[in-house]
Amino acid sequence: MKKTAVVLALAAFFWLNTYTEPAAMHIMEGFLPVWWSVFWWIAVIPFIIWGLKTLKTAIDENPEAKLMIGFAGAFAFVLSALKIPSVTGSSSHPVGTALGTMLFGPAAMTVLGTVVLLFQALLLAHGGITTLGANAFSMAVAGPFAAYAVYKGLKKAGVKPSTNAFFTAFSANIVTYTVTSLQLALAFPSEAGGVYGSFLEFAGIFAVTQISLAVCEGLLTAAAVNWLEKH
Amino acid sequence: MNQIDTVSRQTRFSLVHPMEKAVLLLICLLIIGCWRTPIAGLSVACAALFYVVVAQASIGFYLKLLAAPLLFITMGILPIAFSFDGWLKIAFSEKSLNDAVLTASSAFGGASALYAFILTTPFSQTAWLMKKIRISSLFIDIAVLVYRFIFQLAERKTVIWQAQLLRGGRPGIQMAARTAAHTFTSTMLEMETRQQAAELRGGLDYFAVADWHSFWRNKK
Amino acid sequence: MIQFQNVSASYPDGTVALKNISFSIKPGVNVAVLGESGSGKSTLFQLLAGLIKPVEGVISLNNERLHYKKKDLHYWRTQFGFVLQNPDMQLFAPSVEEDVMYGLLQQGQTPEEARVKAREALNACGVDHLRHKPPHTLSAGEKKRAAIAGAAAMNPDIFVMDEPEAGLDPVNTSRLTALIHNFHQQNKTVICATHNIDFAYEWADEWLILNEGKLLVYGNSKHFFEKDSLRSIIEYPWAYEIGRMTKTFPLTKKDALQQLRKTMTKK
Amino acid sequence: MIQFQNVSASYPDGTVALKNISFSIKPGVNVAVLGESGSGKSTLFQLLAGLIKPVEGVISLNNERLHYKKKDLHYWRTQFGFVLQNPDMQLFAPSVEEDVMYGLLQQGQTPEEARVKAREALNACGVDHLRHKPPHTLSAGEKKRAAIAGAAAMNPDIFVMDEPEAGLDPVNTSRLTALIHNFHQQNKTVICATHNIDFAYEWADEWLILNEGKLLVYGNSKHFFEKDSLRSIIEYPWAYEIGRMTKTFPLTKKDALQQLRKTMTKK
C-alpha cells in the first residue's frame, strides 16, 4: 500500500514536471525590472555571507566537509536532470531543498542552493543571472528557513521522521512558490487589485502545478528519509 | 547540460578573454534594464543572434534553448496583462497590455543575451570572472567542485542506467530510483579515496585560474 | 550470426565515430576487437547494444534486423550478455546474488527459478562463495566475475565484454581466459574489446581491428598476422612471434617458451 | 633514501595487511611493486603517503622519520608525487591547466610562477594541447597523463604510481614508459605498482614483491629472476625468458625478438 503510494507520487511528480519544466519557478533573465533584480540581490547577499561564514567554520574544523558539500550540490543538480524516458520523455526537476536542509542545515543550504541555481542558469539555461538574486531568495533562503522551522517544530512535537519529512518538504515547496509569486506581484502590481490582487493571480496560475508538485516532493522526501534511516 | 558545456568550448569565442564577453553581456543587460521597450529587447536579441552566428555556435541549438523560456514568459505575463475585476470578470487596459509586452520582450532579450554568453563561455572562465569580481573564494571553490562532480555523476548516471537496460531493465520509476541510489552510493564509497587524493595534493584550497587571450590582441 | 552492413555512426556532438563498417560474426566464434582508445570500439559496442542508432546501415542478428522500438530493443538485448568495463557500475544490487538475479527477475521469472539459475551462473564463474557479500567489498577480479555471472545467468547466445582484463592480476586474467574457453565450449559467441593482445591471442578465433573509425581488418586468427602491414597499427603477440620463428602455433606463454626451448636445443 | 623498518600495518577492520616489512630504496631508482590484488600493495602506498599509521615500525625518508602531525605530513607529502589508479579521483579543477597549477598554488607560489611550471609539466607529459579542456572530456590515457602532470609540476623527488598502465592502449603505455625513463634521467625515484610484468621489465631497476602481506623479495633486476623459486608467485617477463635463452639482456619486445632472430639464424 505504502509502496504504491510512493510509486504513484513519483509517477505524478515526473509527469507533472514534464509539462512545467520551463516554468519550474525560476524567474527568467530580464523578466524583473532592474531595480527589483538589484533589490533581491541585496536582500539575498547577507544570507549568503552568513551561510558562507557558517560553512567556513565547519570546513576549518573538518576539511572533508568541502568535498562532501561539492558532491551534495552536484548530486542535487544531476538529480534534477535525471532522464526518465518512459514516464516523461523529458527531464524532471526535484528541488530537494528540504532534504538538504534536514541534512546540512539552512546555512549550508543557502550557499548550496545558490550554487545549484547558478549552474541551472549556466548549464541548463534555466533562470538567469540578474534574477539569480530573486530566485536564490525564494529557493535558497525562504525555502530552507521554512523547512528548518517546520522540521524543528515537528521534531519537538515528536512527529515520526517520515511524516516530519513530508511536511518539511511540502512547506519548503509551498513557501518557495509563495515567495516567487510575491516577488512577481511586487514587481507587477495589478491596476485593479494592487500587489495583493496580482499576488493572487500569480499564485493562482502556478498553483495548478506547484501544489501537486509540493505533495509529490513531500512523499519523495519521506521515502528518501525512510531509506536513509534504514541504511 | 552536457551540450551547453560542449558547445561553449567549441565556439570561436571560447578562448576569448572572459572579461570582454562579460562586458558585452553586461551592456546588453543594461540596455534591457534601462530601456524596457520592445525595441531594446528585440535589438538585443538580434545582436545576440549576430554574436552567436559570428561565434559559429549551432544556431539550431541556440534557438532550441530560447524556446524553453517561452512557456514561462507566457505564463508569467498573463497576470500582468489581465487582472480580475470582481468575480470572474477579467479586466485589462492598454497600460497592462503594454506592460506585458514590455516584460515579455525584455525577458526574451535578456534570455537571448545570457544564452549567447553561456554558449561561448566555458565554466572555468565564469569561475575566473567570479574571482575577478571578488566573490568569496569559498563560494568559487564549492562551485568548482560542484562543476567537476556534475560531470562525473552525469557520466556515472548514464552508465548505470545503461547497465540496467542491457540486463533487461525496463525504463521507469524503479530504474530511475535505482540509478539515483546507485549513483549516490557508488560515489559515496569513493569519497575516502577522493579525500585522500585531495590531501596528497596538499588540500583543497586555492583553485587556480588559467589565463585567456584578448580578442583584440589575437587580431593583431 | 551478427551482421553489420555499411554501418556508420557518429558521436553525440556530430563527429564521425564509425565509418561504413561491414562484417559478420558466425555463431560460436571468439572475436577480439582491437584498436587504440578513440578508434570507435565503444561506439561499436553501443551499436551492438542498441544504445545508439547508426546514422546509416543495418545491424542484424540471425537475419533479423535490429529495430529501435522499445519492445524490439528489449528482445534484442535478451540475446546478449553485456559486461561493462567498470564492474562497479554494473553491480547495483545490495548483494552479489541479488545482482545476478536482477536480469532474470526482469525477464519475469519467479524468484525461485531465478535463484536456481543465479546459483548456477555464480558457480560457473567461481564466485558462489561470495553470493551474500555486498559487491563493493569484493576485489577487482571478483567483481569482474560477479558481473560476468550476472550476464551469464540470463543464458545469452552472445557475450560482449569491454576490456574485461583491464586491471586484473595474472591469476585473475587466466581465470577469465578459462571462463571464455568455457563459454566457447557451450557454443556461445564471445566478443571482447581489449588492449592486451597476448591475452586475446590465447582465446581469439577472429580479430576485428578498428582504426580511426574504420574497420581495418576482420580476419581469422590463422592467417591474420601473416600480413606484416598491420605492424604499424597493432603490436603482435609474443606467442605468435615465437611461433613464427619456431614454425609452430603456440597460443600461451608456457607453450611458446617450451617450443622455443625445444627448437633452440634441437639446432 | 626511503626506508621501511619492520613495518606492520592493518586494515581498518583489524586484519593484518602488512607484516614486518623492511626495505630501503635508493634515490634515482625505478622500483616495480608486484603482487596479486590483496597482497598489500595499496596498504604499502597508503603508508608511504602517510594516509595510515603503521601498527609497528618506522618509515623514513633520507633518515628523517615520518611523523603524523599535520605539518610534518604536509612537508613529507611535498617530496612525493602520487598518481592514483583512477585519475578521476585526483583531478578536481575545471580545466587541465588549472588542475596542474593547483598543487603549486597550494604550496604558496604566485600564479605566474605556477603557470610557467604547469606549462612545463604539461609539455613534459604531452598534454599541453589539452590544457583548456575540462577533465571530463579527456580519454583514459589523457586523464592519466594529466594526473601525472599534476604530480610532476610540483617537482617531487619521488613518484609513486598505482597501476599507471591499467586500461591504457599500447601507444599510451609506451608513452608512459618514456615518461618514466624521462623521470629517471632527472634522477627521480619512481615507484610503480603494476600487474603487467612486461611493462615493468622495460624500466624497473628493482623489484619488490608482496605476497599475502609479506615482503617476498626485494631485489635488483639483474639477478632477480635467476631464482626460479619465484615462478609460482609471479609470471616471468617474456623479454627475460628470451634473454635467458639467447644469453642476452633485452628489455623490450623489439630487442628481445631481434636477439632471438639473430640467435636462431646464427645457429
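Some points to look at:
As written, the chains take the letters A, B, C and D, and residue 1 is the first residue of each chain.
Rule of thumb we're sticking to: contacts are C-beta pairs under 8 Å (C-beta built on N, C-alpha and C of every residue); 3 or more make two chains touch, one makes a residue touch a chain.
All of these numbers come straight from a predicted model, not from anything done at the bench.
Set against one another, B-D and B-C show the most C-beta pairs in contact at B-D. Between chain B and chain C the centroid-to-centroid distance comes to 40 Å (mean Cα coordinates, whole Å). For this pair, chain C with chain D, the centres built from the Cα atoms lie 30 Å apart.
Centroid to centroid, with C-alpha atoms defining each point, chain A and chain B lie 18 Å apart. Among the residues of chain C, those touching two or more other chains are numbered 70. Residue positions of chain A with contacts to 2 or more other chains are 86. Residues of chain B in contact with two or more other chains: 5-6, 123, 144-145, 147-148, 152, 170-171, 194, 198, 203-204. If you sketch which chains touch which, the pattern fits none of the simple shapes: not an open path, not a single ring, not a star, and not all-to-all.
Listed by chain label, the pairs that touch are A-B, B-C, B-D, C-D. Contact residues of chain B toward chain D in the complex are 5-6, 9, 14-15, 122-124, 127, 144-145, 147-148, 151-152, 155, 190, 193-194, 196-211.
The touching residues of chain B, counted against chain C in their complex, run 2-3, 6, 10, 156, 159-160, 162-171, 178, 182, 186, 189. Note for the complex: chain B touches chain A at residues 1, 4-5, 29, 32-34, 36, 41, 65, 68-73, 75-76, 78-80, 82-85, 91, 93, 95-96, 99, 103, 106-111, 113-115, 118, 123, 126, 136, 138-139, 141-150, 152-154, 157, 161, 170-173, 175-177, 179-181, 183-184, 187-188, 191, 194-195, 198, 203-204.
Within the complex, the chain D residues that touch chain C are 35-38, 85, 139-141, 163, 166-173, 195, 197-198, 234-235, 238, 241-242, 245, 253, 257, 260-261, 263-264, 267.
Of all residues in chain D, only 46, 49, 51, 74, 77-78, 80, 82, 84, 86, 88-95, 97-99, 101-107, 111, 114-115, 118, 131-137, 150 touch chain B in the complex they form.
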